[in-house]
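Before any comments, here is the structure.
Per-chain residue numbering starts at 1, and chain names A, B, C and D are given in the order in which the chains are listed.
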């Protein structure tokens, strides 16, 4: 039985590769996990493309976004996204920042908000809030979240939700486990693809509030095994 | 010469992998076959991603959707879709439930119905009916078909057809053989992709009623060998 | 130095696999070549998916569309497309029939004709004619070209051009060599994809008549080696 | 430590394969590098598909676009694109010409200009200029840049920018290093895909001028290691 920290590190390495394979991240984007041993720490790779991440690439950070170990590896510039979400959200144990193409049109649209339109999109929680860095930090930034003030601003927009969009940039996705965050990213992507096409057809019926809130398992029931995680892991593990 | 039950089980395993490879199902979605030995039974995998299904994953169900064998494997929550279709449709020998992305915009559109626009889409039969779970079960469900009442409601919408959409969820596809259901799913997907793009160009000519009803073989002719099935099987069998 | 017939058969096998790999054909669709030894014959596979075609699958046909050899293999139902084009077009040495998805919206649109919008789309020759089987054969067909009368009707619509669309069905593409037909199919597909997206942006500039007619090589120049064919062949030949 | 010329040649071979794998070029399109030993020379492959390029395929050219070595290999017809850009732009060390599908609708649109809408699209610099060969050379060309006069005309449209579109043809992308040009191509493609979809949703917010100009690193900072290049190289190097 692996120690929680070892299981977390293994799942984090897998999540990096899965998110790359599933098209959620490309050479950019990152995923992290809160340290199961210490709530004031989180674990994330150094600034390397997710598809290449191995255990030796993982680093430890504090909730100020700064390294807690010696290394000459360069950390992701936008680690403050993760730091601020862990700081503001005690319930969150994993975070992904990505530039998933399907949600970007919704991040810049003046008229249409990304929202649940298919049952697996319920994770979006409702209309997905859009954080516009220019609101607090002006319109001469490079749009990256490069300090804790910007990270906290984004975390305020995320609020208690699972997902927030970042105008002209990407999204942040939070969850209680790594598999939950990975699935939330993939379901966000599918929902966005469907919604964009539905917009092209005209008026459409989104999910009703009761269809968004209704939990997938009744109270007291054990959560279902994660059918998707097993498949995702297999896809990045198979060798021809 | 394999026994019909062995051929059915083999085709079912292949169908799972084919539907995954062809993008009809992802980690979710399922396909089943009526037991050739007993019309009151159907065979389907336990709640595992279709791309991973092997013969040992197959379970036997009754038309009430409940297991007919001992197992600690968890069955698909939505087995009631299959059970109800087999119950209501004596002609149907195979069923697929999927969340194919291309049909989802049509499942929520208030103005456009999925309908045959290309000759291989004739299998859709005409405007494809949309089952909205909220009509009978209210707008506070999780949109899954989790009991026989809901399954029968969906089967009523399917009626005598090959395909029904499920609002904001997916589709159910029924057929007389496993290869027929697999091809119907793939042709449904292609038709939907074309129709969505045709909508973007403006007015278009769908198939005429006579072009939908006209059978592919004249009465008395032997059905053509299934060119597509051989290719689909090869694609999931080849090793580099 | 291979005999022309052997080179033709080899290129035909390669073309089948290339057209499948490049997404022009799926399990359906076919490609043929006029017999270099006898203008009254053409060579095409039996009714098997193009991605699986090998030399042993090739059959010989006359320009009436009927077999000229003994076999228990079933030929493609729509061989009459090829027969009629070879009959009507002495300049044509290779023909492809396909259901390429990108051109199908244009085959049913009432308002937009597929036409050259990018330089590689010049092969389309201008607005691409659409053959509607219902015009001559009524609206109760299965839309397949199953006899020589239908094939000749389609060939009349093709006229002297390289491409004709078939309403709600697909296209026929003709050329002077197999590589030319393969490239024409792929360029037709790319042009269609671009044109559909350009339509979504609003008004756009198509190719001018002089940009369509202008040959790629000046008179007297040797034609350029086919850069694309080498790449296409390599893609279906490489083993990991 | 490899000589600069060897490093340049190696990166050029890799760039060819990367641009092919990433869908920026297909069998057509090309990339070059200015010779680090001689600013009046550039290096590019002969007229072969980028995915097949090896070191032995590389040739040397002068800024007049003509070969500087003996060979019976045929050079790319459009080498004058590269020659003219190197001639007009002393700062440019690498150039790519491509027919990337996503930018082609913008190259022919009468109403919409490609422009930065996502942060990685800042490399576009603003509204991307469109070079229309017909403006200077009439509407009876084959639209290819086949001499230095046409190349210089295109280079004038490119001006001091990183990217220019070529109406109904493709784009030219310039940069200070090969990895920079490769990333610029890929980011141009992603921006175009997002912008096309955003157009379908209605009005949207593009990047502000200050968000385009703001450099990714503050003055005095060392540039960040190229996370993407490592991933791109690995993708074309892995063998199953």
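FYI, a contact is a pair of C-beta atoms (placed from the backbone, for glycine too) under 8 Å apart; a residue touches a chain by one contact, two chains touch by 3 or more.
This is a predicted model, so every value here is computed, not measured.
Chains that touch both subunit A and subunit D: there are none. At the subunit C-subunit D interface, residue numbers used by both copies make up under half of all numbers present, so the two copies contact each other through mostly different positions.
With centres defined by CA atoms alone, the chain at the far end from subunit A is C.
The geometric centre of subunit B is 46 Å away from that of subunit D, both derived from CA atoms. Inter-chain centre distance (subunit A to subunit B, centres taken as mean C-alpha positions): 32 Å. Listed for subunit A are residues 200, 240, each touching two or more other chains.
Chain contact topology: the protein chains form a single closed ring, every chain touching exactly two others. You'll find the chains touch as A-B, A-D, B-C, C-D.
Residues of subunit C that touch subunit D in their complex: 117-120, 122, 190, 193-194, 197-198, 200-211, 213-216, 224-225, 227-228, 230-232, 234-235, 240.
Considering their complex, residues 26-28, 47-49, 51-52, 74, 77, 99, 101-102, 104-106, 108-112, 132, 134, 138-144, 167-169, 196, 199-200, 239-240 of subunit D touch subunit C.
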